[in-house]
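Here is the structure we will look at.
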Amino acid sequence: MALVEINNVHKSFGAVEVLKDVSLSVEEGEIVTIIGRSGSGKSTLLRCINALEPINSGRITIEGQQVAAGMRNLKELRQRVGIVFQAFNLFPHLKVERNITLAPTLTGRVSKREARALALECLTKVGLAEKIDAFPEQLSGGQQQRVAIARCLAMRPHLMLFDEVTSALDPELVGEVLKVMEDMARQGMTMILVTHEMNFARNVASKIVFMHQGRVWEEGPPSKLFTNPQTPELKAFIGSTRHN
Amino acid sequence: MRSLSTIDLIAFATGLQYTLLLVLMALAFGAPFGLFLALLRTANMAVLRWASALFLQVVQAVPLLALLMFFYFGLPVFLGIQIPALAAVTVAFTIYTAVFLGEIWRGGIEAVKQTQWEAAASLGISRWQQFRYVIAPQAFKIALPATVGFLVQLIKGTSLAAVVGFIELTRAGQLASAATFQPLLVYSVVAAIYFAICFPLTLWSRNLETRLNGSR
Amino acid sequence: MGNLNFRPLWRYEDAFIEGILNTLWLTVIAAGIGLIIAIACAAILRSGPKLLRYPVLGYIELIRNTPPIIQIFIVFFVFPGFGIRLPPFTAASIALALYFGAYAAEIIRSGLDSIPRSQVEAGHCLGISGFQVFMHVVLPPALRNIYPSITSQFVLLLLGTSIASQISAEELFHTAGVVESRTFRSFEIYALIAGIYVCLVMAFRVFFAALGRLAFRWPTRR
């Protein structure tokens, strides 16, 4: 059974339907990259997977468990699904260590004594062990985003969602974040990401999903989608992103 | 003992006129003084900035009631002269208005980016012209919500003139209360009158604030 | 022009000190009770039942748009109507607590609103409870945003307690009136009183600044 199953999902904001009959399945260990123009519903889909947005109809299951906004074990579900945001969303009043250990200690998964070791372990994975005692505002954008990734890793998630995580970064800081994500992909983490980094999508993803006007327009392995797009919309989209 | 009647309502109306007179006087004298203080607070010379900051800090740390008492009872005794009640309370409210507006307008001036001063200076106009034509219009817009908010504070503040016997709305209420022995009714009516004046201003100030935040 | 003579006032040193202590006591009581009122109001406005929100909004607007002196008069005269005799000091405490509560409620509400939704979301995504998100993610930065306004409101309250003298509550300003009626040194008395308030306010400002630096150590956006 697939890790994530999305079946016939509809989602509207008021009168605007942003997701129209979206279906998608993600196997364990897959790296799924969602591409498309802004307003195509990519980010909304990601947010629905984590129940940040309620869906109007359809069905989303993670590891066989149905996701719903008001569900009883939403907390447990979210401990298994990490999400990294475009704007980092680190907590400014907490040091890097506490940002990472907040959820694991509050949920009782690790003791206060083990917490620092956990923080150190996760920071090492993103190459920032020396920043354990810094405050978020003392870090560059790229470093903040890597800490945000480390914060997710500390929950030992089974699935990670990345919502345009490099879009708010200065160009020279994008590389360090992408490298961390590549490392995670290589270690077998299941990932769903929304991105504008076409090279990353081409080289790292196992599956590309092209969204257009709230629908899954085309999907398949990168080799197929990028070299042989079937629809004029995807052709136009690839054409418009060629130079980056 | 008598009940609350038309006589009292007429007295309230007269009192209200004096309340508004006090507000107008305070603004007429206090606003230019406040602008002067705001300019000192944002002056290039550090001495001026420090001196005006000290003045603002000290006066804002004195209760309005103490200012009123000082100018109504204290100063005339010291100088050995008679000062008309209206003059004494006007001086107190003028100073009160000046320090608050000075502080609000300083904030407005400082909220305009330094680059605007530089851009204006590069046009070869005088420092006053830079302020008058480039900075002030922008600062005014930024400071307007807080200025209207202060107007509400000033209207409420004039009620303290009653304490020195100046017959404005609150004092008229005290007199009616003493005549009718119905303090609760009388003060509720007086409160309602204040509310009827202040609340629309509060709404206006809030509206300006929302629009300002929307446009930035 | 008269001559300055503060000497007659020294005989009333004890009265002034008692006045200062009473003023501080009145301020602290009103601020304490007012803060409880404010937190309750902010909680209702944020997530209470709709039916309770309108009375709370009404209370806040009523207090903010009428003079404190009228509020004190009303509180002072409302209780005898029910046959309860309240000492002036108690009446003044209640009135000033209601006054402070309305302003503080507004400050707390906007402080909580100032925390971006994205922070709350990020907290929820970590799989911790709503209460934990509030306590660990929302509250600390909100307190920092609230701190400057709430401390200046406290200073305004301190100055506002002087109005309690108008119902003969025995605080510092009342002392001034008593001493004035015995010495007739109006100028010196009100200059002295003004000076005392300035000292009290400065002392609190320094204290609050130090406390703020101690409590909020994390750097903010440059």
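We call the chains A, B and C, going by the order they appear; numbering starts again at 1 in every chain.
The definition used in the following text is that a residue touches a chain if its C-beta (ideal position, glycine included) is under 8 Å from a C-beta of that chain, and two chains touch if they have at least 3 such contacts.
The structure displayed is predicted, hence computed values, not measured ones.
Of all chain pairs, the one linked by the most C-beta contacts is B-C. Taking the mean of each chain's C-alpha atoms as its centre, the chain lying closest to the overall protein C-alpha centroid is C.
Ranked by separation of Cα centres from chain C, the top chain is A. Taking each chain's centre as the mean of its C-alpha atoms, chain A lies 47 Å from chain C.
Here the CA centre of chain B is 21 Å from the CA centre of chain C. Centre to centre, using the average C-alpha position, chain A and chain B are separated by 54 Å. Those residues of chain B in touch with two or more other chains do not exist in this structure. Residues 50, 52, 75-79, 81-83, 85, 87, 89-95, 102-103, 106-107, 135, 137-138, 151, 155 of chain A are the ones touching chain C in the complex. Residues 118-119, 121-129, 132, 136-137, 140-141, 144, 216, 218-222 of chain C touch chain A in their complex. Touching chain B in their complex are the following residues of chain C: 1-2, 4, 61-62, 64-71, 73-74, 77-78, 81, 155, 159-160, 162-163, 165-166, 173, 176, 180, 184-191, 193-194, 197-198, 200-202. The touching residues of chain B, when paired with chain C in their complex, are 57-58, 61-67, 69-70, 73-75, 77-80, 152, 156-157, 159-160, 162-163, 170, 173, 177, 183-184, 187-188, 190-191, 194-195, 198-199, 202.
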